[in-house]
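Note that the chains are named A, B, C and D in the order they appear, and that numbering of residues resets to 1 at the start of each chain.
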Amino acid sequence: MKTTVKTTVKTVEHLGRGPLGRDELAALVARDIPPGSFVNLGIGQPTTVADHLPAGSGVVLHTENGMLGMGPAARGDDIDPDLTNAGKVPVTELPGASYFHHADSFAMMRGGHLDVCVLGAFQVSERGDLANWHTGAPDAIPAVGGAMDLATGAKQVFVMMTLFTKEGTPKLVPECTYPLTGLACVSRVYTDLGVFHIGPHGVTVVETYGTSVADLASRLEVAVRPLGQEE
Amino acid sequence: MKTTVKTTVKTVEHLGRGPLGRDELAALVARDIPPGSFVNLGIGQPTTVADHLPAGSGVVLHTENGMLGMGPAARGDDIDPDLTNAGKVPVTELPGASYFHHADSFAMMRGGHLDVCVLGAFQVSERGDLANWHTGAPDAIPAVGGAMDLATGAKQVFVMMTLFTKEGTPKLVPECTYPLTGLACVSRVYTDLGVFHIGPHGVTVVETYGTSVADLASRLEVAVRPLGQEE
Amino acid sequence: MTAVLTDPEEAVAGIADGSTVLIGGFGMAGMPVQLIDALIRQGATDLTVVSNNAGNGDTGLAALLAAGRVRKMICSFPRQSDSWVFDGLYRAGKIELEVVPQGTLAERMRAAGAGIGAFYCPTGVGTPLAEGKETRTIDGRDYVLEYPIKGDVALVGAHAGDRMGNLVYRKTARNFGPVMATAATLTIAQVHHVVETGELDPEAVVTPCIYVDRILDLSATEATP
Amino acid sequence: MTAVLTDPEEAVAGIADGSTVLIGGFGMAGMPVQLIDALIRQGATDLTVVSNNAGNGDTGLAALLAAGRVRKMICSFPRQSDSWVFDGLYRAGKIELEVVPQGTLAERMRAAGAGIGAFYCPTGVGTPLAEGKETRTIDGRDYVLEYPIKGDVALVGAHAGDRMGNLVYRKTARNFGPVMATAATLTIAQVHHVVETGELDPEAVVTPCIYVDRILDLSATEATP
């Protein structure tokens, strides 16, 4: 069943500037996390989103190795080998934290209790399929960790990535060619060149940075629509 | 495959006395619980087994409403509405106790971690089928509680019951006529008239009280063998 | 974020007719009596109630049943010496009953909270409670396929909470509360008192705040024990 | 009854060739290093090891792998910056690998401990890790059927224990320990110290003594932190 949705909100094209830097991208993701959300930040770049959450946001961070209420990275005397994040980096504990074992931690994830998780990606398809655990290279040793659990379990999956590989190949694609992490799970894609929402009717461009919707449309094989023209 | 097991142990017939009283029966069950066992005692008569466990037996009592290390019934000022056994009777806490929620408590039972549970019964079949939750009467309101979980989960299920109903009908039967609680789960049956072991080759009489093996054999429809004559 | 409330009416606001309501407690231990009383006043009806028992005496869950608000009970042990309200409704054909083995009841709610679609359970195999259910033999043992029980609402009685919504329980009053809190869309807990965030030991929190939507603080209305 | 021991060799005595060994820890947090070292000296071989990672550096699990004792690894994340021992064995075809999503790994062990025969899990549907597995659509959602992982032995690193065998953990070092303790026939825990029975808060015990067969008390060999 096709429905037509028209909004008066328009895509914002930030043309008088270059693409987003890594810190700017993290800040953008942080801005879009609703206050009071329960959030899991994936290993690597997504972890840096924590540094941009405004004070008093009430966002509570989950780490899959068994903690809710995780604080910033530990430094100096605060480092405790019994307290790390999922990337095995020493972290701290905030007031109101709680600890639980791995089965309980992943029950929390799988059961749909996390509002948002933020993950990196090799590829995202226009249906929201995610590929972020395996390049498919024949000599690669497969290692999935908690990526599939997060992709499947969180109410919303935000992806952070560059829109193109170093070789210029798009990472937002009609169909993932890398092995999948999860099916139709990604709702938003934050990239250096623009922010995309993935819905039942395809991909919408919410904002662009240093480029236009028309330019992105010409460089991607995925049909991307500006806001206000969703079908 | 039939195997023949011959032992030199003989059934003990306690003939110079009457049947076991309720307290004597509880003491007999308590005697047979190995030291250091983890044990669940069912509601009603099985609960009284606790009073006969020797000091220093190291037996740890489980109650399915979420406790390991349950102590005797609480009296007077020790009564705490937040601390009861499965029969909703106020109990006490022993050193080394722990509390857990219902899913964890029944995981402990279902997972085969309890060494022994002691249950009452309407009927036990010669294969060890147990019927103890429902008389099958058309106007009875069905209520199972934790009986099926205990019957299925404990490593050994001991039954305590009178061998015959008030009307003289045997409760150790070829086939249960009441609705079942569990299949082939009972390993020992402690009754006022004798103790029976149920094994892959049928029912063995271990002891009799106020009656003989021959007399029991004549009054039961189940084939009961004395010890030393197991087939 | 968890709302900390002192008004029972506010705590149960918005519970819709036709809801599935998970109610904690085993006997009176952990029974959220004030929340049930507020639910009776709130008026939601045509409810499916999931609880270990089916009410005792004339108060709490029994009063909810007596008020005619419950279409169906899912429980392990409805029949008790003082379950006359339920008994009367059941015998009059005015209430549906689904009897579930106690551990399967807990595990089905755990499955709902943990995102498990169904599970093969050994409990009840070969008994009337497995009739009509799918069975399977795995590694030589027989199992019954059991499905999750998800609540629209959970009413839980805990001992204390903090302002963020973390809960601790006391002794065997813990029972079904922590499981039900994970299995409902809207979890409402009543607690004897609320402490400042940071005052509960993070190692001893039983229900993390993510599972708790509203806390009813009873400290103003209860005498301190 | 739980045996409290101070000799690591005694703690791992009797582990047979061909055993499935569950090894706790996430990175170094909760890793039972002294028990692994003792297992290396004990000599059991042809092992299947279940652990989140596949060893780091040249010590602990990596040393067990290097000694050629492990036939198969079941883990979620073998590849790390310092997993050269595993990487070498894998590339040389000298070790089998089963990669399992981390939450499914934990849940499969929980199922083993909880007597669940199998469960329908949404994780991994449509991915290479679901290939060859039975699937089912329940209420419009797709699931993969996952089976329990049962251990012959679990080696767990906890913080403290009491003489009865109750265990508490510390912060995120809790991770897999409590689940593995439930899933093995023989559970062996190493702890930094052992307290008298009754000194642990019954509300805060994480692994009840029923799951613990042997405790290795490290307090005599460790400097007090």
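We adopt the following convention: contacts are C-beta pairs under 8 Å (C-beta built on N, C-alpha and C of every residue); 3 or more make two chains touch, one makes a residue touch a chain.
Being a predicted model, the structure only gives us computed values, none of them experimental.
Here B-C and A-C were compared by C-beta pairs in contact; the pair with more is B-C.
Work out the mean CA point of subunit A and of subunit D, and you get 30 Å between them. Taking each chain's centre as the mean of its C-alpha atoms, subunit A lies 35 Å from subunit C. Shared contact sites, meaning residues of subunit C that touch two or more other chains, fall at 107, 110, 114-116, 121-122, 169-171, 202-203, 206.
Among the residues of subunit B, those in touch with two or more other chains are 93, 99-100, 106-107, 109-110, 152-153. Taken chain by chain, the contacts fit none of the simple shapes, being neither an open path, a ring, a star, nor a full set of pairwise contacts. Going by the touch rule set out above, the chain pairs that meet are A-C, A-D, B-C, B-D, C-D.
Looking at the complex, you find that subunit C touches subunit D at residues 107, 111, 114-122, 136, 138-139, 141, 143, 147, 168-171, 201-204, 206. Within the complex, the subunit B residues that touch subunit D are 35-36, 38, 58, 60, 62, 68-69, 93, 95-100, 106-114, 152-153.
Those residues of subunit D whose C-beta lies close enough to touch subunit B in the complex are 1, 110, 112-116, 162-164, 166, 182, 197-198, 200, 202-203, 205, 208-211. Residue ranges on subunit D touching subunit A, taken from their complex, read 26-30, 52, 76-80, 86-87, 90-91, 97, 99-104, 106-107, 109-110, 121-129, 142, 159, 169-179, 206.
Here subunit A touches subunit D in the complex through residues 63-67, 80-85, 88, 93, 99-103, 105-107, 109-110, 129, 134, 139-149, 152-153, 179-183, going by the rule given at the top.
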